[in-house]
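Structures follow.
Two complexes are shown next, each including chain A; its partner changes from chain B in the first to chain C in the second.
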Partner chain A sequence: MTVAAGIGYALLALGPSLSLFIAVISKKPFLILTVLSSTLVWLMSLIAISAVWRAFLPLKTTAWWPYGILILSSVVFQEGLRILFWRVYKRLEDVLDAFADRVSKPRLFLTDKMQIALAGGLGHGVAHAVFFCLSLLTPAFGPATYYVEKCSQIPFFLVSAVIALGFVTIHTFTMVIAFNGYAEKNIVDQLFAPIVHLVAGMLTLINLASGGCIVGIPLLYFMAALTLMHCGKMVQRRLTQNQSRQ
Partner chain B sequence: MASKLFHFCVLLCFLARLHASLSASEEVALLQSVPDLENAMYIVVDGFPCVRLLNLSGEIGCSNPGRDKVVAPIVRLKNADKLSQLSAILVSLNEFDSFLARVSNDSNFARRIGGVLVESESEIKNGLKGFSPDQKFPQAEFSPYRSINYQWNPIGSGRMWKNYNFPIFLLSESSTSILKEAAIKNEDHQNVYTANVAEFDLVMQTTKARTLDSESCLKGETCLPLGGYSVWSALPPIQDLSSESSKRIILATASMDSASFFRDKSLGADSPISGLISLLAAVDALSHAEGSHSLDKQLVFAIFTGEAWGYLGSRRFLLELDQHSDAVNGLNNSLIDTIVEIGSVGKGFSQGIKRLFAHTTRASTATNETLNALQLAQDSFQSSGIEVLSANASNPGIPPSSLMAFLKKNPEASGVVLEDFDTVFTNQFYHSHLDANINSSAIVAAASLVARTLYILASEKKHFTTAALNAINVNSSLVEELVGCLLTCEPGLSCGLVKHYILPSTACPNHYVGVLLGEPSSTPYLGYIGDVPRFLWNFLAEKTSIPADSAGSACPNNCTNTGQLCIRPETDGKGVCVVSTTRYVPAYSTRLKYESESWKVLAPNSSDSIGMVDPVWTESNWDVIRLRLYTKQDSSYDWIVLLAGFSVTVLAYLAIVITRALINKALKMD
Partner chain C sequence: MEGSILESIGLEIIGVMSPVSICMLLVVLLVYSLSAPSSSAPIRTAANLVYLESPSDSATQKLEGALLNALVFVVFIALVTFLLVLLYYYNFTNFLKNYTRFSAFFVLGTMGGSIFLSLIQHFSIPIDSITCFVLLLNFTVVGVLSVFSGAVPIFLRQAYMVALGIIVAAWFTKLPEWTTWVLLVALAVYDLVAVLAPGGPLKILVELASSRDEELPALVYEARPTVSRNVGSGGSSLGLLVGGVSDSNSVELQDLSRNNQNRNQGSVENRECAAIEIENSRHHEVAIGSEEVETSPLVPNVQARLSSSSGSSEFSVVDTASDRNRQYGHVQSEIVVDEERFPLVERLGLDNEREPAGRDGFETSESTSRGFDRGNLRPVGAGDVGCGWYRLFFEISKLIQHYNSNGGCCGQLLLKYLNMLCGNIFSQLAGPQAHSDIKMGFNLWSDHCRIIVKHIGV
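Now for the complex of A and B:
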């Protein structure tokens, strides 16, 4: 599909992340470090999951439920890792606050904490996009295109880029919601992230059916939109709460 | 404790069952890596190309028009009337000839042709009665007689001698169905933005370098001359090479190369490989004959290559005889009594009778002797249904054969060509890729006839007994084996017989002469010689050999005595020293000379009358020849995708900036 299409697909999957990086993350070095370490943690989690599943792969079956079990176990593992990530962050936050006190500088604001959560989520999202979309994109720079039998209306690379974009959005903003939930001890927010992640993961199984991508992708974007709205509402609530407190 | 163990066992069993069901062998096409994805996207199609050949006045054959690959959507011929863009036309074999005729006549049509793909179907399906892209009188310019309008090959269309500036590939049977599907999908127009395209990589160096005839391309080193190595052998071995023996020579010849429209599918089963197999079987029969090592005349067997491209092998052989070169050491041109050539003999079987025709040169004592010998040999096969007849007197002369080169050199030469036809070729697929079927009992008959005839000719004044003559019998299982080795892909050249002598480089045999690599010499580097000539050299050397003093010593270290050869040198440690006179003779145009690492075209010389009309064929150099199939997207679609990517990025940036501004405003509102 030539270089133009290849770049187009790469931008579709990672363009918004790039914009977010330039607009928000690149201003603060600490956020860049957070993005990098969260990407690393996510990739390590993938390695761990694949080490366990190595014995059962490749799944030579046309039934959908083995894939369901694969996704379920992976999501459970990664959500567990998210809690671990939060614990490490909390300790880091205490260290940073103590340091700020010592040099008489202000402590972390609420917005700073949200930005750190955003950076963490972005790291997860970028890792997902790179691993599941960008790594397959090299053939897209050549002259040929590819259509999967079960999704014959949309080229394979376009489907992969669009799904990757959906997941980037979901990963980025669920991290903000989750960190907020852990901080406020809000059960709804704490459960939102794992449930949305799991549902989104399971929705991709619809693509296994013939013509399923026409249904699966809009549903995935519905979940992404849901995440964005919930995050927006939560941020608005926290900020107004904060204002009224001051 | 026991319950915990129990639970653990249940878990294990479950996992094991899970594993088993997950690897259930329902065949699902799996792509497990990016290279797998690329292989699924780009399908390499099995095809046989037609390549660019050049002569002194221009080019023939096919090539990509420039230095780039040609990419064109696949269209079936019946829908090719209104072509709006450069297309790859899928043609069936029945339509191929009329299609090429149309291309020559209609330049508008020809301009829209990107490439041509020729379908291949099993014989039952295509029901083609005959197909021959050669001329109606093949190699008429070399004939020693004037009636060049006589049609030896009336079915010939002459298409292989024309110039096409687009690539043409012959598909194998499996790839034919793949391409038909691709063409049908293109026609259905399900998706307006995509098309199944064929990518032709048939870039020829002579086209790139613009050296458009033999002389300029040889000078520019962008092509190589057609040629190879002929093999000759003497039975019995010529013991004393230095003293000029005065034994008269009976020369029995055959040729080992064929030609076709498609370079890599030149099988030539009837023309001329059936003759080659007959000669090999006759040599085998004669080597076991009583008194074969004390015949009155010397038997020499010569197998020429390059005969289909201007009688390169026979002409060069005659030139080397004149020059008394090393390659023909021991032979004296003036001692050759008569020539017996075995042409196409594979289709002479009809209604239980195996009939052969003897085409002779001008009547003389020698030709009469040969005809008598043939009659005697025929009679010795009392009830085997073998018949040999003289060719029709109304024929203008001998059919296209190596004997024409001998006659042009020496109009007084006498010889006989044995063929399975009388006035026109019986082979309806002469010089085409479909010349693949012959009758092995016809070959056995021809071989038996030739073996006994040669024995009679070499034994002067009937110094042989009828018993000895009748004991000369051809091994029909050897003939079957040779047919399997030289004319099929299974077992092909990896059959036991060939592997006994050489290490073949491919399994599927192909009898195109190829190009002459390196410097032509009488002791060439074995890596530059093809599988078939090496096999023939080793086979003939073994059959005509007498055991050496250092019998059975391992070679190649110990064969230093004169007259000794190392046969089977490629088989690990099984090489054997024998006494035999078997040599390679280079085969290339007499108009060429290899000098200071390159080829030069010599000026025409009136003493070489056949060389004056020689077109001097060369083949262009090429790097890679490949045919691929993939799905291509419209370029407008690509730009739309790029635009979408950019706009998503820019919109996201705007959204983020706006959100950040809103949050800052909310924070500052106090």
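Now for the complex of A and C:
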């Protein structure tokens, strides 16, 4: 529905990440590089998953459980990749600290580490939004719109944008939680990210049912809100701990 | 708190990557939105001199033709680059610069103009030809100016470089398909060879330019930061003091950039803070520790000294007299502060602390109080401004001092003039409505001048 609607859908999915980018990430060049590399990593993981699943696609079934298996396997793979990401980050942190010692500047602060985690998560989220929403948006710039019968109240593009926004939030902040969990060896935080990711993925299966998006999308946003709250509490706790320690 | 390394790592990479990404994004948008019908007759350009590709040829024919095209193009570019190097070697630099300006004008005007025209046609923008012509002319002329003049803000120059890149890239998309792909690979390989290989023309050019210490006479994108990262910077050629307003708690010692050290550096990048040293009883030079401006350890230091003894804590600006001596090569004149102390210093009761510094070839440390209230030692916060100016003129006068002993009457005249000038300025500043601190600064300045004048014998 015209260029304005197309831009509107794009901003709906990516607006918060754009403001996060401009406000936090664009100030520090290293974070921009982190966003780009994590985007690349996420896309590569998608390529790997789709290479594996290519033999079975397209799924010619009306049952929902093959999609469930698809989502399960993808989430498991991506969470494994998150652990790998963490290992690489640990090594990078050592390199950065050594560099900081060499140029006699302070080592990475806690806020720096959290910002790197945020940038990593944002890269994942942006990749998801671009891949699952923006790539479908091209027809939205034309003169008409499109409705799906199973979710006929709102245009398809709007649904996909809204779902993408939920996932962007989840990806961004679960990365912060997960990195903190790995750093502090906190089991709850470590398991929080995979569980939330899996649940959110499975919740989208509800959209397969007729009229399901009315239930599925609010539940997805409930998960996103849960992630936000947990991340906020964790960050606050860490920062006050750090403050009191200093 | 010092900035973490996260703020500075990767700056150069991003500085290069962001214009490239912006250029690519805009080219994609431009080509996508224009998406001209490709059925127009293929134009013969330098890139398809040999083989004019048409969709009906077979694949091998197209490949051969494309390879031939790419070869011819690369050979052509290599020849022209060698010609450029030759001209630069024989110092035809002016010709090269003018040619660069002409080519920028040409590209922006004609190729940019044709892109503008197609945009106007495609989006049916209601604009008349005269306005369009004027706009295009403005755009082109500002582009040429930004390329060769140094007075244009660097951001504008960078923007025009990106615009040039966009225009040339958009032109390249008009080529037929196979030729485009093969040309891309061929140009990438040629660039690698030209820049890295020992006989490459671009490498020779860069080496020549750096050995002569000049700028390349070419359209070069400079990935400098466009916004100065210093707070409150205003780099002037003298490296003026930035007298900041501080609150009464933090006695900030703002930048004291010394003229002699920072003469070549216009920016305020290396600010040095005069360390506060009480010492003036030693005969050897006291070095100034240069500290970061926002170092808070300095503040408690100062205040501790303030509270320790009423009379003994004063701030002296200690010269690196050694630097001056080394630079000017003579040590004859100095300002003796022994007999003739600052009136302010006397009032603070520092007589017993001073030792006479002999007239034997080095400067004693100057002691200037930093805008202290005459009665008590409360540091005057907003007096930095006045004292900043004061310190500036103080430095100037010392410079003139040195020159004076060589330059004779010249320096004396200059000093007289300076005294008059500052007197005028400060008398306005020190008028009844002036801030009391500026008045104090002026008073200090005039005291000091009196001392100088007396010793020069003007």
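By definition in this document, the second predicted complex is superposed on the first by the 246 of 246 C-alpha atoms of A that agree within 3 Å, B and C clash if a C-alpha of one lies under 4 Å from a C-alpha of the other, contacts with A are read in each partner's own complex, and residues count from 1 in each chain.
In the analysis below, a contact is a pair of C-beta atoms (placed from the backbone, for glycine too) under 8 Å apart; a residue touches a chain by one contact, two chains touch by 3 or more.
This is a predicted model, so every value here is computed, not measured.
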Superposed partners chain B and chain C on chain A - clash or fit: fit
Dominant toucher of chain A (residue count), chain B or chain C: B
Superposition-derived angle with apex at the Cα centre of chain A and sides reaching chain B and chain C, degrees in steps of 10: 100
Touched partner set for A:Ala4, first chain B, second chain C, both or neither: first
Which superposed partner A:Phe99 touches (first chain B, second chain C, both, neither): second
Chain B and chain C, minimum CA distance [Å, superposed model]: 10
On chain A, positions contacted by chain B and by chain C: none
Complex interface listing, chain C residues touching chain A: 2-11, 13-15
Complex contact set, residues of chain A against chain B: 1-2, 4-5, 7-12, 15-16, 18-20, 22-24, 55-56, 58-62, 66, 111, 135-136, 138-139, 142-147, 152-153, 155, 158, 165, 235-236, 239-240, 243, 246
Contacting residues of chain B [partner chain A, same complex]: 18-19, 21-28, 30, 32, 34, 37-38, 40-42, 71, 190-191, 194, 199, 630-633, 635, 637-639, 641-646, 648-650, 652-653, 656-657, 660, 663, 666-667, 669-670
Touch list for chain A against partner chain C, complex: 27-33, 96, 99-100, 103, 105-109, 112, 115-116
